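Shared between the two complexes below is subunit A, which has subunit B as its partner in the first and subunit C in the second.
And then the complex of A and B:
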């Protein structure tokens, strides 16, 4: 019974992190129309920055804040330097479907560049990453409780971020402007909303969300230029399972994957995790091609 | 009071020359209607004025300012609001969110006036006030058109560009919307540039008419004269 509960709690904590990463993908997809394959590459890069700060004796919290800020800055830089010029080129491209794939391919290029740079700067060594609170199970007299302070910390942080994002998108003017810019750029521009600025903001928010996911997941995966590739695959699956354009769907998708992976690891074998992810993706695409909470428009490819 | 002056405007739409040297003046405080058949360039004209399409040559002046090829988000800040064709609202937004969207750029500096502007449009279209929390997608076509106009009005424009408000609506609803606009123009001095395929309806309320055919102005005269000109009507408007 204890094993089952601990599996559920670990799964929920990991699922919360996947939800965060998936949410980052959804925000850029909705806000800028790009499936961002570089997302966890960005997170890997900013987690290295945090790791360097911690190794040089700075506090975890300073490193935490610096990573989040550099995550949003990196997102903005990618938009301003690469995605925005590409969007201008896009209109002159021959076919629409071809034009839509250009930023996606660019994001793969950015991922490759970030991984190569990390390899150059940090020699590609795999290193650990600390947790701000204890990650061992709580002691309860002679026995142990089936979860750690870090599990609770992760769930708490992600919950707070989700509430803040919900408030931002539904209750503030800028949030309304971002949603309008995503849903109907033409009407948004006629309403005086600076659509390209809203896109940059999507990249910034998504970058910070991805960075946070990186900080929270690396204590269990370790940090190397490629360790977060698997998280990208999981986050992408979570986003697609949830419907790709639905923030709530991304969160639900993240939790399903987190708990599902924990159950497969505990009761099946860890080697089957990939197979399980693939199976889930396949099943959802077969039964609900637009995801659990996806919009009505058909996605192909 | 500012006039809108369009001189020698040329705009291409893809490979087609949509506007081929259009010139006219929309006088301050009046309703000017642009009529003409499908494909005459009416929508392109409004889209070029509001900055959605780039002019190839020619100028658009708004009062003392030249606004040719400025960005739409800059033009709306100068008091020119555009209600594009097809009841342009965001269906998943609530009615209130759609209205608020139009005043977002003024919210920080004039938050009290934004509230006043919102209550004014709700007075103008009471049906929207009843449905304020509903999603815009649940509204009827006429209500959606009222909502699109409200979104534009809360930006406190001095010039309203209205593209085919009658499209797909029942005659009674059209009459209601046109009369609301007419009333607003007469009571507040709002300048209106109304694009319509339904020339009868438009000329009935307009002060001035501009007839477009294949991207060129073929007639530019007081609306009353245009209404009476049977040769013109039969040649270009088909009735």
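And then the complex of A and C:
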């Protein structure tokens, strides 16, 4: 019974991180119409920055803040230097059919560059990443409790971020402007919303969310240029399961994947995790292609 | 009818000319470069499969390497378990991958754009788990050991053939067959109806083209070609998860994009670039004092930069410029 509860709690904590990464994908998809395959590459890069700060003696929290800020800056840079020019480029007849896939290819190129740069700067070998609180299971008089302080920390941080984002997107002018720009760019532009600025903002928020996911997951995966590829796949599946255009769906999808993967790892074998992900992805696309909470016309492009 | 025959003959002459040229050229090469040229031909088939998929449907796949793996495993398990010849292996690889593509295509026809890209990426990542799940047949992490064998007596009596050269001589006719088939297909009635679906689904449907079925067929044909390339690729020594990693799929995609999506000549140029780029870099930096860490990641860095530059400067790729002028 204790194994089951601890599996569930670990699964929820990991699921919260996947939810965050999936949310990053959904924000850029809604805001800019791009599935950003480079997202966890950006997160890997900023986690390396944090890791270097910590190694040089700075505190975890300073590194934490710096990583989040550099994550959103990196997202903005990618939009300003690459994605915005691509979106504004007039498509010639031979590339019109590729319009939906060109940003995907661009994001793969960005991923390759970020991974190569990380390899060149910080070597290709794995290193660990610290946690701000104890990651061992709690002990009390009767025995070991089935969760750690870090589990609680992760769930708490993600919960706060989700609440902040909900407030931002439903109560603030900028957040509402971003949603309007995503829903109908033409009308939003007529109402005086600077649509391309809103797009850049989506990239920044998504970059910060991805960075946070990277900071929270690397203590359990270690850090190397490629480690976060797996998280991208899980986050993508989570976003598809929940519906690529639904932020709430991304959170639910992330939790489903987190708990599902924990159960498969504990009661099946870790090797079957990928098969389970693939099966889930196929099942959702065949039965409910728009995801659990997705709208009717999700699949643009 | 007459015109179709003309295209057919033109493609045959083109493919044969390329074949004879590469065959003669290979005699002047060192064994290492003969092996590299054989590698170009193997990957070229994989890139062709993407050319068919992207050129005919406008979609990209990040898991084409996994389809190559299906072909590789199909032929390798037949060769190691039943002692079949490699030529039988090729035929089985093509049919097995076509069936796999049919299943995949039925699901993928409902999916488009980034969805297909992500799904195919997951398929490529799931490959090692599948190999482990059916370890007795597929050999698990290690894989199945196969090779090109030795040339038959009537060749080796005539002329001494090195192993790399023999690789090239097997790869050459296979690649030329794929080239000939693909170039005819894209110009045929079927190929043109695929492009019609790509450019305008509703218009194609109005003209009497069954859209959904067409999408599935494109997937089947693309998969079958990838399977052929995969069988050939595996014969270099091993069919296992390490031979068909995700990076293989990305290499194929890079080659297709660099050369020009949908262009057959572009597919060949793109493949040449991705195969010889690491050698070229080694040659270029050999005189410079550069750390190993830097040179290890340099090919990946340059590939990413080339990919981005292609997309930003001319998304139609190297061969795309000519296409655009025609319009």
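Assume the second predicted complex is superposed on the first by the 289 of 301 C-alpha atoms of A that agree within 3 Å, B and C clash if a C-alpha of one lies under 4 Å from a C-alpha of the other, contacts with A are read in each partner's own complex, and residues count from 1 in each chain.
Methods note: a contact is a pair of C-beta atoms (placed from the backbone, for glycine too) under 8 Å apart; a residue touches a chain by one contact, two chains touch by 3 or more.
Quick caveat, the model's predicted, so the values are computed rather than measured.
Enquirer: Considering only touches as defined above, state whether A:84 meets subunit B (first), subunit C (second), both or neither.
Expert: neither
Enquirer: Touching A:127 in the superposition: subunit B (first), subunit C (second), both, neither?
Expert: neither
Enquirer: Any idea whether subunit B or subunit C touches more of subunit A?
Expert: More residues of subunit A are touched by C.
Enquirer: Based on the superposed arrangement, let me know which partner A:35 touches: subunit B (first), subunit C (second), both, or neither?
Expert: second
Enquirer: Under the stated touch criterion, which partner chain does A:194 make contact with: subunit B (first), subunit C (second), both, or neither?
Expert: Touch status of A:194: first partner only.
Enquirer: If you stack the two complexes on chain A, which partner ends up touching A:108: first (subunit B), second (subunit C), both, or neither?
Expert: It touches subunit C, and subunit B stays clear.
Enquirer: Would you tell me the residues on subunit A in contact with subunit B in one complex that are also in contact with subunit C in the other?
Expert: none
Enquirer: Would you pull the subunit C residues touching subunit A in the complex into a rising list?
Expert: Against subunit A, the touching part of subunit C is residues 54, 58-60, 62, 107, 110-115, 117-119, 121-123, 125-126, 128-130, 132-133, 198-199, 246, 250, 253, 257, 261-262, 293-294, 296-298, 300-301, 303-305, 307-308, 311-312, 315-316, 320, 323-324, 327.
Enquirer: Looking at the complex, which residues from subunit A come into contact with subunit B?
Expert: Against subunit B, the touching part of subunit A is residues 173, 176-177, 179-180, 183-184, 186-195.
Enquirer: Over in the complex, which subunit A residues touch subunit C? Could you list them?
Expert: Counting only subunit A, the residues touching subunit C are 29, 34-35, 37, 82, 85-86, 89, 91-95, 97-98, 100-102, 104-106, 108-113, 115-117, 119-120, 123-124, 229-230, 233, 236-237, 240, 244, 271-275, 277-278, 281-282, 285-286, 289, 299-301.
Enquirer: Under the definition above, what is the set of subunit B residues touching subunit A in their complex?
Expert: It is residues 50-52, 71-73, 76-77, 81-82, 84, 88-90, 92-93, 97, 100-102, 104-108, 151-152, 155 of subunit B that touch subunit A.
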